[in-house]
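Some structures are shown below for you to check.
Presented sequentially are two complexes of subunit A, the first with subunit B as partner and the second with subunit C.
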Partner chain A sequence: MLDCTPKEITERKSGGMINPAKTCQPIGAMYAALGIHKCLPHSHGSQGCCSYHRMHLTRHFRDPVMASTSCFTEGSSVFGGGANLKASIQNVFHIYKPDVMAIHTTCLTETIGDDVSSIIKTADVAEGKLVIHANTPSYVGSHITGFSNMTKAMVSYIAESTLPVKKEQVNIIPGFVNPGDMREIKRLVKSMDIEYIMFPDTSGVVDSPMTGEFEMYPEGGTTVEQIKDTGNSQLTLALGRFASSDPADLLNKQCEVPAAVLKTPIGIKATDALLMTLRNSFAREIPKELEIERGQLVDIMTDTHFHFHGKTVAIFGDPDIVTGITEFVLSLGMVPVHVLTGTPGGSSNSAAGSFEDDINEMLTTAGITANVKSAGDLFTLHQWIKNQPVDLLIGNTYGKYIARAEDIPFMRVGFPILDRSVHSYLPIVGYQGAMRLIEMISNTLLDRADRDAKDEDFELVM
Partner chain B sequence: MAEDNAGRIAERDGFIVTKGKNKKQLQCDTDSSAGCVSQRACVYCGARVVLNPITDAIHLVHGPIGCASYTWDIRGSLSSGAELYRNSFSTDLKEQDIIFGGAKRLNAAIDGLVEKYQAKLVFVYSTCIVGVIGDDLEAICTAASQKHNIEVIPVESSGFIGNKSAGYRAAGDALLRLIKPSEPIVKSNSINYLGDFNLAGEAWIIHNYLRQIGVELNVTFTGDSHYTALKSAPKAKLNIIQCAGSMLYLAGKMEELYQIPYIQISFLGIEDTAASLRKIAATLGEESMIAKAEDLIAKETARVEAIIKGYRDKLQGKKAAIYVGGGFKAISLVKQFREIGIDVVMIGTQTGRKEEYETINNLVDDGTVILDDANPAELERFMMEKGAHLLVGGVKERPLAYKLGIAFIDHNHDRKHPLSGFEGAVNFAEEVYSTVCSPVWKSLSKSGIDRGVTDHG
Partner chain C sequence: MEMNEAKLQEILDQYPAKVQKNRKKHIFIKRSELESQQIEANTRTIPGIITNRGCAYAGCKGVVLGPIKDMVHIVHGPIGCGYYAWNTRRNKAKSDDPKQNFINYCISTDMQESDIVFGGEKKLTKVIDEVMEIFKPKAITLSATCPVGLIGDDMGAVAKAAEAKHGVQVLSFSCEGYKGVSQSAGHHIANNILMEKVIGTGEQEEAPAKFPINLLGEYNIGGDGWEVERILKEIGYHVVSVMTGDGSYEAIKNAHTAELNLVQCHRSINYIAEMLETKYGTPWLKVNFIGIQGTIESLRNMALYFDDKELTLKTEAVIASELARIEPVFEQYKKICEGKTAFCFVGGSRGHHFQNLFSELGIETLLAGYEFAHRDDYEGRDVIPTIKTDADSKNIPHYTAEVDEKRFRLKVSPEKLEELKAKIPLGQYNGMRFDMKDGSIIVDDLNHFETEEFIKLLKPDIFTSGIKDKYVIQKMGINSKQLHSYDYSGPYAGFNGAVKFAEDISMGFASPTWNFITPPWKNQPLLEGSVTEEGVA
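Our next item is the complex of A and B:
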């Protein structure tokens, strides 16, 4: 079933995508906007985009995802969307009463050239209400780029430096991760007794508790006051270069808040780096409880290392997550042989570096040669796997087609996960997240070992 | 803008009526208001959901990546053969294509795909942006068609040219091109089944009934269908239509072009399934079919009613809210809820037509709220006001219902069990029962843990 992919690898001249490993900017912008308290994301374009993004986010988070749309018709596409957007701004504040309306564009409105910032300036926005916007053309980058752009808009529209001396407080840009991950990162920072502002913060928004009432705006999200105050912080931690470094850089330019760009804290090394940066920047001791957690993680890694050693793995998904997972599985003794992201990956020449360079450097250090690609698709990954099979596949839900066709164990991590529940509540970051990852990886491998074992090899203790 | 305390806008008033309370005509089939949280989708979505179940076609989306990503394997349309349709193909337009046009990339994509997959049929869907930059889809597809000696059919589905219904029409036009015969038609005694997409294998259930009563089935639009089968569509002597929203246009055209009359049927619920089988047999007019249909109905009704009665005893007196895509499904659902003892207190659709709303109005009890193109705030308000225990809807409505502490069943793309025919009627009753009567609702307590203890008893 679903095995239409030819094994023979021929040159791909078309540049088109077969089975994408990314999606478009606006959904990332919508997700980021949900991380502002009492914000209604608004999609400037035709109805379908907004509907798809809400549907996709709803399937991943299994929580209501609210967003409005400019409801383009043919007329608006010919004459421009200014009238639709102004009517939208008025209607949104009248009907849905958010504090903030966060507009993102679509490929349609980008192409017809609507000047959103001018439209906002001439729109009638009530006192105390705020409209921000990000340009998110779907034909550039991916959903990760869209997340980054909306987070940048939070900085450019809201952040201010108002104090002569910076506060002893840290900004955390968590990147495109689940609310469970955001909670875990906040717990780590809190336990070091450091004041922080996380933005965007979707915890409490897309994992809100069941109360029997529908809250259009659940309790979570970063408040406008907090985002404003990020300009007064002493430091910004940008977690995950692709999703977070641009907004952090802008905050530095705009409000002189220096930025440290770190990996998404997946695994022991990246979590160590996060805590060490906080310790060094704020002269705090790492608390005993975190030392204990780390010790437990190392203990678990020792107890289970023989499950992992030399096992080959293919990893795909969003670049920051894939980078983190790759580093972690290397620390377990696994061998990543195929590593792929759909998001375009920066370039070797740019100051920020590239996805492929980052991964290759890690692999070279470990003495491993592998297929590594950014701006790739799952057709390519499938072909690689056909030619060089692996013991484990790690990625989002779409990997299940490859896993079934090739009969390989599959572990779901990343976005989107459409066919399993609970994942968005439980972290994969920090020491505890690493413990969870180990449990997931080893259970996946051991379940397969049990399934495939002959009677004489079937063991009770593994 | 006029507004009341509940945050309603006057503009929406025409789209909401309460049966028995006001005599006004419900407004429908219009554009949504700018700035609304609409549950509606776009033209491309409409075209894609209709054509996607064609299993051996390459469905190539010409546009930036999103449109293809979100519709990758969008509905659970099952296949008995080819699996090509479950892949996601996109030209993945980039900035330079927007400036210089996407023709080159589209050409290359078609060439590459045809080479890899040896398909006989390619659908090329236009998205919003293609409509704006003006790539000549028609010319590109014609050229590709000649070059590869296969059918490459453009689907004019730019998102902004209307709503989902316009997409159904675009899909209808693409299908008409596909089925256009190159030789004179030799009529057969068979029928086409329109508007079943084989979600969870539903088309197979209906095929089985038709076989049992001696009806020869020609082709299903479009569930589990493929290139060769679809080509034979014009030779049928009758079209039966399940999903009217998506297929009425095509049926009308087939009547005009190939003299195939059509009838509307519904296989949702016992009442409609039985009536539809009778209608098909009567229309075809063969005595043996009519007798066989009666046998099948008697046997199946007796079988499933015994099972459904058990659920009805548990569900009697509960209240349901309906919010689905099209009007025809909504109508069947009202009747089907009656079969399991449930009253409908709120009913709405995304794209229902005037005559469908009239039928709905005649069917429901006084006090039932009827609404078109509703937003979540309205759904919440009326479900709470009317004390609904259950909502029937699609993916975006599910968490809304749950957050309100209301049971939910999916009657859209995401469902896992067939809801068609007698088997489907049992599944429906079981699904309603399992969600309405689930013990999870006992854990829901507004004042938290303290109250929870007493609630659990």
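Our next item is the complex of A and C:
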């Protein structure tokens, strides 16, 4: 397995990727668009991209992922895609009857420079129907950028400030997380008795129930009315800087809704931070039930700390998720030694960013030095691991090849997970999610301990 | 329910006029009283239609090149295209030299904005240099994605310079996603270059063993190719190369030494089959190793071709012993499947091949079609001369193979060839229509809307398709099976594969999970009584 990866690390200057840890913008945009109620995502480009994005999302969620495409051929590539897009708009509303069509571009349409907003303006869109768009060139950023860009489009096309005084209501941008996580975040906010609008919200869309009937537009998703109303909220919480802060900023500029950028609430510290922000902004007490949950979590953490303490771990995946997981494993006493994301933004001196800084800051506080990299690939991660092996690898499904090659216990978290089911229904956020993470980490490590134990050391109680 | 033209029209009537006019030509109901039934295929999908089709790049790198294990495949483009074709197609491969098996690697130039503006050639050159330094492969392929063609990167020149510098073959494929109308364009592009630059470059003049064959259009999904090879080797064939499942550059170079080429997937590789015949005089035989009868027939046809007494005896002996082993098991599953109905839509050959296996299990196919086929895949090769080349296909370079004066050799005499052609599909494929029942529906590039409508009308028990509509179908309470990936099961080819397929399909029908779709409270009225000590009053 991966036998061609050498241990010696040679500098690679080309900027090419070997076994990437990110993918392209449109898939993130497509996912975000699914989080609008009765919305059909539309991929403006050749149909191959759309096919790949639907394929990958479907494999992760194991649920229908509907999206249409402008079906470019060589001619449209030369003469521009205006005609294709206009035909698409007509056909989509006639045949599939969505309320909203959310268009994103592909590399092709970006390269030829189709002006999508002008095309939309001259297209004939029926009364009450809405077309929005985001530019999502894949030669910039990653799928996380695409998610952020489509969420920005929701703001720029739909959000409006219509009231003289803001409502006592919070906007929540959950970032590129699973519907199970979105549900859990909503539960936390609800239990604090605060009015909220979550956008995008894919819960109820890509985890819809089996009823024996196919619904092109399942019940979930943020309604257009709700997105409009985000401009009237008192506060926006952008969960996860990479996926959520740009749309929150835009909403602030456009409708004067102040934004707080928080970490994706993975683990105890980030969940505390979320609840404290809500408590302080809305003068609400933290309900007893959440305090009990937190207490249970701490109980579990202290009960089990010896399973984790001092264990080394390598973490990779999307920046907001990796940041959250890193913070959590640190709070368990674990030692992250390799931390990597494929999404660019954050080599220490770049203006864009902060991934490396964020992680390094956490590690420095904990007195740990580690390999930290943004815009990295799994080839690099694998070479790091060859030189400094770890007790546990945490990341998306692609990590399984490294785990097998190096015989390391492996825990699946993030996007995409293509070889296990149920993950998208169950949260990793909040106190409950943290409990689940502990269960996953300890099961992974203890199963391994059992597997490796000699007969005479094999124990009933661990 | 009996399908007829009026019902079909009702479905089509729901489309906007222009769409209706177009889609009408892509659908027909099989009527054997009609001598020919023309279908439109390999034409553009309508913008805005939810299609399952992919792109030329997917056909080239994803299908044909990807499975060649001892080459490093570099994707020149932004990250996504490389990423999605990485380990997603289940073309398994193993190698004696694990240091020359690159099947689990994904290499992309990850073009950035500056590469789009200033050109990506330099970056590509550097990536090739790094690949040579790190992996030391025997050969490299470069595949272009959409932006590359638009910005005008000269991949051919980069490849040429890299060949000179590193002394290994670097093949460049201009398979930008917008070429042609589907994956099909990419198959063609890959076929052309493999033929032009790889096949025949091996040193062997003659195969090292008797009855040498190439297995074309077999991608070893779920290990299909290995099951076919197992049977062929047992009979006594020498498999020179498999194109391209578990394929190797080294083996493909010597593909010219085969005495017969077997074509499994007609669409993706018929070009190579034809060119091999022109260049080396090697005939091709259309085979189908999906289904028990298909496998047996293919094996017997091969025996007829080689016309060797021992080979024929061995063929029959293997068939007999395999049948004795698998038939009792297969029969068990047949009991579960008998009387059921199916839709069979996928790719460019499986939509036909799997119908055999369905019918062996007693399952009738009501609707079938292909995602990216041409008219000949539906109507048979006889229609090829009448197919109009439209603008989209004209962009695909047509490589014409020429006779290799040194190596061209007739494998059988012209008279014998004619005699064989009357008996077996040598250089011939009759198309899907030929095998389908009257009244069944054939649909090219079936889309989401039609899928829903046809299901509502005909209510099949199983729908075989790809990942994008799998869950759509299942949400309707209908068993669905992916025939691109086999739902991560398989192999489904050959004798063992038929049993495995029967088992998987039966599992789908017999699963108790379907029984829970309707909650019990939906079927029972709310009882008016109350719970008493004796139970419900």
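Everything that follows uses one rule, which is that the second predicted complex is superposed on the first by the 454 of 462 C-alpha atoms of A that agree within 3 Å, B and C clash if a C-alpha of one lies under 4 Å from a C-alpha of the other, contacts with A are read in each partner's own complex, and residues count from 1 in each chain.
FYI, a contact is a pair of C-beta atoms (placed from the backbone, for glycine too) under 8 Å apart; a residue touches a chain by one contact, two chains touch by 3 or more.
For clarity, every value in this text was computed on a predicted model and none was experimentally measured.
Subunit B and subunit C, once both complexes are superposed via subunit A, clash. Once chain A of one complex is fitted onto chain A of the other, the partner contacts of A:69 extend to both subunit B and subunit C. Residue contacts after overlaying the shared chain place A:97 against subunit B, while subunit C stays out of touching range. With both structures placed on the common chain, the touch criterion links A:140 to subunit B and to subunit C.
Judged by the touch definition given at the top, the superposed model places A:52 against both subunit B and subunit C.
Subunit B is struck by only one stretch of subunit C after the chain A overlay, and of the options 382-390, 508-516 or 526-534 that stretch is 508-516. According to the touch criterion, the shared surface of subunit A, contacted by subunit B in one complex and subunit C in the other, consists of residues 1-4, 6, 12-20, 22-24, 26-27, 42, 45-49, 51-56, 58-59, 62-74, 76-77, 84-85, 87-92, 94-96, 106-108, 111-112, 137-140, 142, 208, 210-215, 401.
Residue ranges on subunit B touching subunit A, taken from their complex, read 1, 3, 7-9, 31-45, 60, 63-72, 83-84, 86-95, 97-98, 105, 108-109, 111-113, 116-117, 127-129, 131-133, 159-163, 375-377, 380, 395-396, 398-400, 402-405, 414, 444-446. For subunit A in complex with subunit B, the touching residues are 1-4, 6, 12-20, 22-24, 26-27, 40, 42, 45-56, 58-59, 62-74, 76-77, 84-85, 87-92, 94-97, 106-108, 111-112, 137-140, 142, 208, 210-216, 342, 398, 401.
Touching subunit A in their complex are the following residues of subunit C: 14-16, 19, 44-58, 74, 77-86, 88, 98-102, 104-113, 115-116, 123, 126-127, 129-130, 133-135, 145-147, 149-151, 177-183, 391-392, 395, 448-449, 452, 466-477, 517-518. Of all residues in subunit A, those touching subunit C in their complex are 1-4, 6, 10, 12-20, 22-27, 42, 45-49, 51-56, 58-59, 62-77, 84-85, 87-92, 94-96, 106-108, 110-112, 137-140, 142, 208, 210-215, 401.
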